[in-house]
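Below is the structure I would like to discuss, written out as C-alpha cells.
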Amino acid sequence: MSKLKIFTKGFLKENPVFVLLLGMCPVLGVTTSAENGLGMGLATTFVLLMSNIVVSLIKSFIPDKVRIPSYIVIIASFVTIVELTMQAFLPELFDSLGIFIPLIVVNCVILGRAEAFASKNSVLDSILDGLGMGLGFALALTILGALREILGSGAIFGINVYSGDGALVFVLAPGAFIVLGYLIALSNKLNKKLYNK
Amino acid sequence: MSKLLTVALSPHEKNKDSVSRLMYDVVIALIPAFGVSLFFYGIGALIITLTAVLSAVIFEYLITRYMLKKPATIMDGSAALTGLLIAFNVPSNLNPGFVILGSFVAIAIAKMSFGGLGNNIFNPALVARVFLLISFPVQMTSWPVPIESRMKYLDAITGPTALGQLKEGIMGGNTVSGVMEKLPSQMEMFLGQMSGSMGEVSGAALLIGLLYMLIRRVITWHIPITTLATVFVIQGILWLVSPERFADPVFHLITGGLMLGAIFMATDYVTSPMNKMGMIYFAIGIGVITVVIRNFGAYPEGISFAILIMNSVVPIFNRYIKPKRFGELIKDGK
Amino acid sequence: MSDIVLYTILTVTAVGVTAATILYFAAQKFKVYEDPRIDQVEEALPAANCGGCGYPGCRNFAEVCVNTDDLDSLFCPVGGNETMASVASILGKAVTEQAPKVAVIRCNGQPQFRARTTEYNGAINCTIEHMNGAGDTACQYGCLGGGECVDACNFDAIHMNAETLLPEVIDDLCTACGACVEACPRDIIELRTKAKKDRKIFVSCVSQDKGITTKKACDVGCISCSKCFKVCPYDAITMGNNIAFIDADKCRLCRKCVVVCPTSSILEIGFPPRRVKEEKVVAKEKPDNVDNKEKNA
Amino acid sequence: MEYFLIIIAAIFVNNIVLAKFLGVCPFLGVSSKISTAVGMTGAVAFVMVLATIVTYLLQKYVLETLGITYMQTITFILVIASLVQLVEIMLKKVSPSLYQALGIFLPLITTNCAVLGVAIMAAMNKDFGLMESTVFAFANAVGFGIAIILFSGMREHLDLVKVPEGMKGVPISLVVAGLLALAFMGFAGIA
Amino acid sequence: MLKTFPKGGVHPPENKISADKAIVELPLPKKVFIPISQHIGAPAKIIVKRGDIVKVGQIIASAGGYVSANIHSSVSGKVAKLDKIFDTSGYRKDVVVIDVNGDEWLESIDKTTTLIKDISVDSEEILKKITECGIVGLGGATFPTHVKLKVPPKKIATTLIINGVECEPYLTSDHRLMMEKSEELMVGTQILMKALAVDIAYIGIENNKLDAIQKLSELATQYKGIEVVPLKVKYPQGGEKQLIKAIINREVPSGGLPIDVGAVVHNVGTTVAVYEAVQKNKPLFERIVTVTGKSVKEPQNLLVRIGIPVIQLIEAAGGLPEDTGKVISGGPMMGKALNSLDVPMAKGTSGILIMPEDESKRKDDKPCIRCTKCVSVCPMGLEPFLLMTLGENQLWERNEDERIMDCIECGSCVFVCPSDRALLDYIRLGKNKVGQLIRERKVN
Amino acid sequence: MASKKESTFINMVLTLFIVTAVAATTLGYIYELTKGPIEAAKRKKTLKAIANVTPAFDNIPSDEIYMLAIENDDSLVCYPSRKDGKLVGTAISTYTDAGFTERFYIMVGFAPDGTIINTAILSHKETPGLGDKMEKKKGNWSNQVNGKNPAKYKLKVKKDGGDVDGITAATFTSRGFVDAIDLAYKAYMKGGKHE
C-alpha cells in the first residue's frame, strides 16, 4: 500500500465513522455543533497519532500477554494529557465535551486499532495511519456537527445561515441518529461509486 | 381451443378486499371528525388538510418514482391517509410550511426509508407529529380557539388545550377542581368544542368512525377498546386516590388525542401486533404510558409518544406472542 | 518530585501491577485448553460458510479436519486443492488432489425451441412451479426459469439470461460448491470435472420421456436415438432412462457426437468455431401447438 | 423513593444509549438478534455493576484521599479492562454454560463507553454513596438492556422486510434508533 | 347455535348452481385412460398387458404397497396400450388405455339397485372387501380407506364421523349423493361402524343443504347410533380436524391423526362406495362428479366411469364455454388447475369447475400490509403472512418452529388477503423444504 | 518477531511496571505544569462572571468570599465587589432544582439595596434551543430582571402570577431561573450584606 493510500483511506474508503462505525458515542454525543465536532475530532486525532507513535516505537519490548494493558495505559495517558491541557487552555470546549473526553480512551482503543496497525508496521506507516484515521474521524464529526447545527439551529460554526430557529430535534438525540443514518447511506453510495465502479 | 389454460396452485378464489378499499374505508370513517373540525375551525382546517394530503401523496410519488425507481404506489391510498392523519394531529392554524415538513418526515423518513407500505415500524403520521412537536414547540402548542377563529387561519386566536390547562394548573399548585371551573362542560368537550389538534376534538365524531370501521370489519375492537379501558381504569384509580391531584377518568377519555390515537392511529395495521393477544398487550401498554405521561411527565398529552413507544415493542410481541395454535394444548389426545 | 507525582506513580503502578498479577495467576489457574490448530485451519479456509464441504460452516469443517486422521474424504470446493494443501500442512496430514469441477445447466429449452402449453400464474419460484405441475411447457423435466439456482449461488456465478430465459454459469466464478445443484427442483444442474480451457461437451437435456414425447415438447431435447453413443470412440457416452449422458472424465472433447446429434441437444462450449459450419436446427419456426389430442383419436 | 427516581431516570428519561449516547457501538453492533442482545445485556449488567463498585471505592478512598483525581481516566480504564479479563477467565472455568451465553460479549465490553461512562458519572456525582452508585449502575444496565432489546427486535423485523438497497443495514438501523429516541422523549420530565 | 369450529374460517360465495340437478349417467366413451396412481401412497402395479381383454370391475393393477389401492377397469374391452399421459398432478403418469367394447360386468358384481340392509359379514371380511375393491377416500385426499380402518395398536376408535359437509363452493356431488343414495349411505355407515367397532356415528352436514339434513335425519331414526349434525356454513368446515372439533369438541393434536382423539372421518361418497363394495361386491370404478362453472351451459352432476378424459365431461355439460380461463379438478378453494383437458377422471375427482377468464388470473401481489386478516381466518391458528415471509427469506427452521407443517392448505388466508399475496404458494414451498429437513433429520 | 519478549511472569509484570511508571511520571509532571493554568482558567471564569453582574470594582472578590446559609442546610458563595473599599455590589452563586433537567447554577449580582444588577449562567443542562434561551448569547430574555428590585417586582413567572415573562415553551427553565434569583435574594436580604 502506498503511503498516500495509508494516509487517505481513513477519509472515505475506511472512514472510521461512516464505514467502520467505530467510536459512535462521541460521534453522536458531541456533534450538536460543528465546533464541538471539530474540537472532539482534533483531540482524538492527537491521541491517536501520539499513541500510534509510541506504540510502534516500543512494540518489540512488550510481551504479548500484556500488550493490550500496556496500550491502554499509553492511550489513557495521552487522553489525560489532552484533558488537562484542554481544561487549562480551552475551558469552554472542555465543558461542552464533558464526559466524552475521558471516553476518548475507549474510542482510541478501537479506532487506533493500535493492535491491528501499530504493532505490525513501521513508525512512519503508523503515523500516517493514525493521522489519516484521526482526520477522517474529525472530518466525519465536523460534517455531522455542521449538518445538525444547520438543521437544528440554523447556524454553522455559530454563524446564522437562515433566520428562525431550525428544527430542534436535530440538536437532540433523535436528530443525531437520523442524520448519521442518512449520512452513512450517502457515504455508502459514494463509496460504491468510487471503488466498485 | 385458442387460448392457453391458466394454471396455478389453489385457492382459485379471492374475496373483494383490497388495500385501497381498506384505506378508503378509514378515510370515510374519518369524515365525521373532519366535518366537526370544519365546523369549529373553518378554513384553517380545510387548508392544512389539503396541504397535508397533497404533499404526502406528492412526496410518495416522487420517492417511489425517482429514488426507488419502482412503480408508483400512491393509488393504494395509504399516503393520502397518512397525510389526512397528519392534518388531524396538528393545530389547524399551523403554517403550511410545517405541515409540508411533517408530510416529508412521515413519508420519506418514517415510511419510504423502510421500504414503503407494510414495512415501517413506527406510525408515520405520529412520527411527523412528534417530530414537529419537539422541533417547533411554540407553533405546535398554540391551538386556535373553536368557532371564534372559524374564518381565520394563521392569525387565529389561540388558547391552551384542556389538558394543557390542567397540567399548568397542577404545576402551578392549583387543584383539579380549581382548573375544571375554567373549562367547558364535559358534554361540550365530547362534542368537540375545545381547543386542540384539528381532528382530535370531537370524541363523538371519532366514535362514529370507530363504529363504521368495526361494522366494515376494517379493524377489530381489541386495540381501541382496550386502550380506552386501560386509561379509564388506571386514571380512575389515581382519581380515587387523590381527586385533587388527578382529574377524573371521563375527562381524560374525552380530552386530548386519546380517542383519535386509540381509534385511528394505534390501529394502524402496519405498526400494530399481528394477533389478538399481542394487540391487547399493546393497547394496555399504550394506555399505561399515556396515563403516566399525562399525569407525571412534562407533556400534557402522551398518546402519541405512547403509541410510538409501543410501536417499538411490536416486533418483540410478534416474535414471542403467538396465536393459539389448533391442537396445541391437547398433548395426549384424550 | 512533588507528593502528587509520587502518589500518582505509586497508585497507578500499584493498580497496574496488581491487575497484572491477579490476571496472571487467574490465567494459570483457570486455564481451558482449546486446540489452537482449529483457529489456524479456520483461518486457512475461505470463510465463505457456504456448506459446500458438507458441514454447516467453515469453523465446523475446521474442527472436523483437526479431529479426523484422514483428510481424503474432506474437501472444500471453494478453496480447492490449494486450500486443502495448506490445511494439510498445518495439520501435518496428507491430501489427495481432486479435479476441479464446474456447474453446467443441462437444459437448452429456450422459448423458440419449446412452446408454451399453459399459462403459469403462480409465484415465480422454481420449486413452487414444480409442485404445481410440469410448468408451462409440455416438457416436465426442463428448466422452469424461476432462478432458484441464481439465488442459491453465494458466489454470483449464475445469472438468468434474459433472452434464453435460462440460467448461465460463469465458469470463473463457480466454485463447484453445489448449492445450485441442491436448489434446483428439476435436478438439471450437474457438477462436471473441468477440462482444459474450460471446454465442455455435454447433453443439454435431462428429459426421461420417450423420444417421441420429448420431440413434441421441445426441438432440442435428447430423443435417445443413440447416435452419439455409437459414434463416441472413447465409451464416454451411456444411454439410460431415455437419455444420453456424457461422462466428463472419459470424454476427450473430440466433438464427434456433437455432429451426429439430430436434435442438436449436445452442446460444445469454449471451442473455436468449426471451419465448415454445418447448419443445424438452431432456430426453427415455432411448432404448432403441441396438444396430445391425437391420443384420443 | 430516592432509588426509585434514580432507576426511572436512568432507564427512561436519561436512557444511557438513547439520551446520553453511551454504549452506542455495542448497541449498533450486537443487536442483530434478540438473543444476542439479551446476552449482551447480561454481560454489560454484570461488568457495569462490578466495575462501578470497584471504581467508586478507588475514587473515594484512593484518588480523592491522595488528591490525584486527574488520574481517574487511566485508573478506571485499567480496572475495567482487568476486570473484564478476570471475569472472562473465571467464567470460562467456573461456569462454561454462562460463558457460552455471555463469554463472546465480554471482550466487547472493555471498549464499551457505557461502562467507563457510568463509572465516571457515579464517581463524580456528589450525592451518590456506594449504594446509590450500585443502583445507578444497575439501572443504567437495565436501560441499556431495554434499548438494545427493543432495537434488536426491530432489526429482526427489518431483516425480513424489503428495505430499499441504499438504506439496508446500518443506515436504516440508525434511523430506527433515532425514531426510538424520539419516542423516548415522551418520558421527559417524569423523574 | 349451530356447531362449528371455534377459530378462523371464511365465507366464500357458495355458487352451488348444480344443487338440484339429479345425477345423470355419462354414456360410455370409446376409450378410457385409467391412471394407476389415483390415491395417496405408492402407485399400483399393472397386472394386465397390451391386448388383454378385461371386463368392468376387473382388477388391472394391484396395490403397490401398504398405503396403496387396487385399480379396476371401469369398462369392458381390450387393453390398447400402456402409456404415460398428463393427469391431475400436472405430470405424465402411467395409464392403462382400454378400447371400449360393450359393457360387460364381472359376474360377481350385483348390478341391481335393491337395498341390502343386513350386514352379513364380520369386520375382517368387511376390511377385506374394501381392500379388494380399491376404495379410497372420495373426500379429496384419496387416502386408501382400508388403511384408515385399521386402527393402530394402543389406539381406540370411539366415534365415526361421516363427512357430508361439502364446504367447497360450487361442488354438489356429495349433496346429490346424500339425496339420492340416502339409504345406501346409512347402511354404509353401519358397515363402517361395524368395521371399527364403534357405537356412535355422526353425519355432519352444513346448514345450506337443508333438504339433505331433513331427509337423513328422518332416516337416521331407523338406524341405531347414527345422528345427523347440522353445521354452520363456514369454510373449511369439511376439513377433518375442524369437523372433529365441531362435532365432538376434540382437537387433533398438532402433527397427529384423527385416531389420536378416537375419531375416524369418512366422506359420504366413500361410505356409499363401502356399501357397494361390501353388499354388492362392486369395486370403485365410477363416481359422481359435479361439472359446473358460471358460464357452463348445463351444470351437471354426472355418474362417471374412471378414466374418461375431462373434456368429455365438459361436453356433456354443454361444451367448453368461450371464455374459459381455467379448468379445475375439484372446488375453487382446494382444487387443482388442470394443464390439459385430456386429463382422465380419477377416483378423487369430485368436480370439474370451469372458471371464466376474468376470474382466472391472480392480481399482482403487493407487500403485506400486516392487516392480520390471514391470521384471524386461519383455522389452524397459524400466521400465514409470517410463514410466507420466512419462506421468501429461506428461513426454513423458523418456518418449522412456526408450525408450518400444521397448515391444512385450506387457502382461507389467500382468500382474504387484501394484498393478493401468494401465501399458500410459499407455505407449500416451506412445507416442502421443512419436510425435507425432517426427513434428513430422521436419516441421521 | 525475533526481538519480541517472552510472556513470562517477570517479564509481564516488569513491562507493565515500566509502562505505568513512565506514564505516571509523565502525567504527574504534566499535571504540575497545567495545575496553575487550570486554576487560573477557573478563576478567570468566576471573575468574569462577577464582573458581568456587578459594577466595576478594584478588589479581588474571589479572595473575599463568604458563605451565606440558606434554608436546607446548604449555603451560597458570595463575592463582594468593592470600589475604593466601598461595597458596590455582591455576586452570589446560586442554583435551582426547579429547572427542566438537573440543578443549574447562575451568578446573580445585587446592588447593596437588593436591586438585581445582572445575571450570568454558570452551568446548565437545559435543552438546547429551549431552555438555553436564558443564556446571554442566545438572546436577551434574562435581561428583563436587570435593574429590578424584588421588593417591588414579583419574582415569579407570569403564568404563576408574577412579573417575569416566561421563555416560550420553556416555562420550567424560566421558573428555575427566577427561583434561583429568589433564593439568593432572600438570603442576601437576611443579613448577607457584608459592607
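Structure notes:
Order of writing sets the chain letters: A, B, C, D, E and F. Residues in each chain are counted from 1.
Please note the rule applied: contacts are C-beta pairs under 8 Å (C-beta built on N, C-alpha and C of every residue); 3 or more make two chains touch, one makes a residue touch a chain.
Please read these numbers as outputs of a predicted model, since none were measured by experiment.
The minimum number of touch steps linking chain D to chain F comes to 1.
Shared contact partners of chain A and chain D comprise B, C, F. Of all chains, the one whose mean C-alpha position sits at the greatest distance from that of chain E is F. Of all the chains, the one whose CA centre sits at the greatest distance from that of chain B is C. Rounded to a whole number, the gap between the C-alpha centres of chain C and chain E is 41 angstrom. The distance from the centre of chain E to the centre of chain F, with each centre set as the mean of the Cα atoms, comes to 87 Å.
Put simply, the C-alpha centre of chain A and that of chain C have 45 angstrom between them. Look at where the CA atoms of chain A average out and do the same for chain F: the two points lie 31 Å apart. Looking at chain A, residues 65-66, 69, 73, 76-77, 80, 84, 165-166, 168-169, 172, 174, 178 sit in touch with two or more other chains.
Touching two or more other chains at once are residues 4, 8, 11-12, 15-16, 19-20, 24, 27, 117-118, 121-122, 128, 131-133 of chain C. Residues of chain F found to touch two or more other chains are 12, 16, 19-20, 23-24, 27, 31, 100, 130, 172.
Applying the touch definition to every pair of chains gives A-B, A-C, A-D, A-F, B-C, B-D, B-E, B-F, C-D, C-E, C-F, D-E, D-F.
Note for the complex: chain D touches chain E at residues 159-162.
Residues 31, 33, 83-86, 89-92, 309, 337, 339-340, 342, 360-362, 365, 394, 422, 425-426, 428-429, 432-433 of chain E touch chain C in their complex. Chain B makes touch with chain A in their complex at residues 101, 109, 131, 134-137.
Only residues 32, 60-66, 69-70, 73-74, 76-77, 80-81, 84-85, 87-89, 91, 95, 152-153, 165-166, 168, 171-172 of chain A touch chain F when the two sit together in their complex.
Against chain A, the residues of chain F that register as touching in their complex are 1, 3-8, 11-12, 15-16, 19-20, 23, 26-27, 30-31, 34, 36-38, 40-42, 45, 123, 127-130.
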